[in-house]
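Please read the structure below before turning to the comments.
For clarity, chains are labelled A, B and C in written order, and residue numbers in each chain start from 1.
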Amino acid sequence: MDIDLMLRVYPFFIEAAWVTILLSVLTAILGLTCGALGAAARLSRFALIRFLGAAYVSVFRGTPALIQLFILYFGGPQIGIQLDAFEAGVIGLGINAGAYMTETIRGAIISIDKGQREAARTLGLSQWQAMYKIILPQAARLMVRPLGVNLNMLIKATALVAAISVIELTYTAQRYIGSTYKPFEMFLLAGILYMIIIYVTGRGVAWLDRKVQIN
Amino acid sequence: MTDQKHFVEIRHAQKAFGTLEVLKDISLNVERGQIVAIIGPSGSGKSTLLRAINDLDPLTGGEIILDGVQVNKTLPHRQYEKHINEMRQQIGMVFQHFNLFPHMTARENVTMAPKMLKGLSKEEADALAVEQLDKVGMLERIDYYPSRLSGGQKQRVAIARALAMKPKLMLFDEATSALDPELVDEVNQVMKKLAEEHMTMIIVTHEMDFAASVCDRVLFMDKGVVVEEGPPEVVFRNPTQERTREFLRKHLAGAK
Amino acid sequence: MGLDFSVVPQYLDIILLGCAWTIGITVAAAILSFFGGIVFAVIALYAPWIIRQPFRLIAWVFMSTPLLLQLFLIYFGLVQIGIDLPAFIAGIIGLGLHFAVYNSELIQTAILSVDKGQMEAARTVGLSRSQALRKVVIPQAVRAVIPPIGNNMIALLKDSALVSVIGVSELTLSAQRVIGRTYRPFEFYLVAAAFYYVINLGMEWVLRKIERRISISR
């Protein structure tokens, strides 16, 4: 193992890790937003909106994220969408993650016993009041863990933007593998940084999960 | 609008799920302060009727009128929502499985709706919680979460929660059916107390003894129709219908 | 430059060939990941400590790093140690091992939940520990996790697009090649997406059939 080389190039990897982190954070924010909207659509009382929500989930979960990214980044200009690689990465991955999060959020909401909604409604609460005062606080507790799984997948999925040349961890590893012919060392450098990000995120999710479960 | 004579009027109530008729033309009047028990085998439609009164299971035909106002109006969505939420504030409901809000303490369960819908201040709400939880004998557990209460205690808190909205009418949907036998009595005691205060109540129950002791009137339902109706001493002692006799034979024998 | 789908039909043969490769790679990797998952699960649970612990660490590394990075490691790593495999073989190995690790996690949980009573029952009729595992515990555990493994296989199909990056001529790379000639990325990536969607539906249909058969034979 070429430790010398690793010591020489690791600063570039750390720099790239920050890009991965930034990508992950922005993608997670966009994904959660899309997920909340998607879940609301799937639970709407209007059939058309429910259909649109279901179509969103089906299409974005039924096709590879990489292809979605390519359509947005390479095909976007043809329909007047000009994005740089980083923007396309955040938007493409965010919308993709949102489709998975839609199902997570919806799953948590519909798993709340229907007696809860009925009890709230019999007291005179409106649909919306019952949702945000009774259903959502309970569903939120159930969501933390599966959303954590979504987040874990999302962080790993940020590697896909290497394919559109965003200089993040995987792209950096790929470039140094090409120039140094040391695939194992470069994998190790990038891998350790990914593992740190995944580990810290996982602990954060576990902490949040414990915190919301109290009582 | 309606020639109101009775406090609660159910007129020609019908309910069908597809081709399955659960309620077939049921009419029932309840006077202010009266207590009516609905008994019958499972699948008789008794819970459906009760849940139709506050439009939780909307009727497919007929009218429900409470204190001169029709509950199950056909209105555009927004207006219906506003109307039904106002009506439901006047109709308390107690469920078989309590349906307490698990993320709220007993106090919060009781005060949530009054604070939200009637704009009670924190002090007023606290006073209300103390008053209602005291009435059901749950004052010492005021800051407990439901997960730390027994079934009977949960149901008493659920009753306090419904009472906190100061309803005109209380509906009990098999309130003691999910309880261990030794916990049934504490809930029955609370219901008796409400009876003494002349709360108007409609009770779906399996407890024939309880129905006999507190109710002014008993309805025996089977297969979506009212088979027999009358004062408990008549329905329980001298039923005129064969179906009633058969049901009581099974049930009273089973209970003993 | 607007959209023009009229060029699509003349390149459809290339796209369809790509589809065939995608299906082939997916099926091969799925089979590898299924049996690999069983082997990995047994190692992670029953191998001696000295093997088990490093193995678990490696499994954790594979679950905490992106598939794309792993594909680069396998593809270039094999070359470096002198094994020059065709790209599609490297792709199948990469995808197969990656998902074997995920399948292994599912199977381990299932084995542990089946193990207790069933192992004891099997031992009382005279089976050795490894016989009991092979004949009683593992078959039951695997059956129990067929639905979630099916979900992993669906994910595998979509992740198979990543092997385009190491030069496997499957659907995504085929689309890229056509785009290289036509300069119509939107049209052809959309066509590729449509084919993925259809293959995905087909795969879900097959998995539902398998699940139903298993639940009947239980």
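One rule holds for everything that comes next: a contact is a pair of C-beta atoms (placed from the backbone, for glycine too) under 8 Å apart; a residue touches a chain by one contact, two chains touch by 3 or more.
Every value quoted in this text rests on a predicted model; they were computed, and no experiment measured them.
Engineer: With chains as vertices joined when they touch, what's the shape: line, ring, star, complete or other?
Structural biologist: line
Engineer: Quick check on this structure: which chain has its C-alpha centroid closest to the centroid of all protein C-alpha atoms?
Structural biologist: Minimum centroid-to-centroid distance belongs to A.
Engineer: Please report how many Å separate the Cα centroid of chain A from that of chain B, as a whole number.
Structural biologist: Here the centre of chain B sits 46 Å away from the centre of chain A.
Engineer: So how far apart, in whole Å, are chain A and chain C when each is placed at the average of its C-alpha atoms?
Structural biologist: Once rounded, the distance between the two centres reads 21 Å.
Engineer: Roughly how many whole angstrom separate the Cα centroids of chain B and chain C?
Structural biologist: Inter-chain centre distance comes to 55 Å.
Engineer: In the complex, go through chain B and note every residue touching chain A.
Structural biologist: Touching chain A: residues 54, 56, 81, 85-86, 88-89, 91-93, 95, 97, 99-103, 112-113, 116-117, 145, 147, 158, 161-162, 165 of chain B.
Engineer: Contact residues on chain C for chain A in the complex?
Structural biologist: So the residues of chain C touching chain A come out as 1-3, 60-61, 64-70, 72-73, 75-77, 80, 158-162, 164-165, 172, 175, 179, 184-187, 189-190, 192-193, 196-197, 200-201.
Engineer: In their shared complex, at which residues does chain A touch chain C?
Structural biologist: Those in contact with chain C are residues 59, 62-68, 70-71, 74-79, 156-160, 162-163, 169-170, 173-174, 177, 181-184, 187, 190-191, 194-195, 198-199.
Engineer: Inside the complex, what are the residues of chain A that reach chain B?
Structural biologist: Contacts found on chain A: 113, 115-116, 118-127, 129, 133-134, 137-138, 141, 215.
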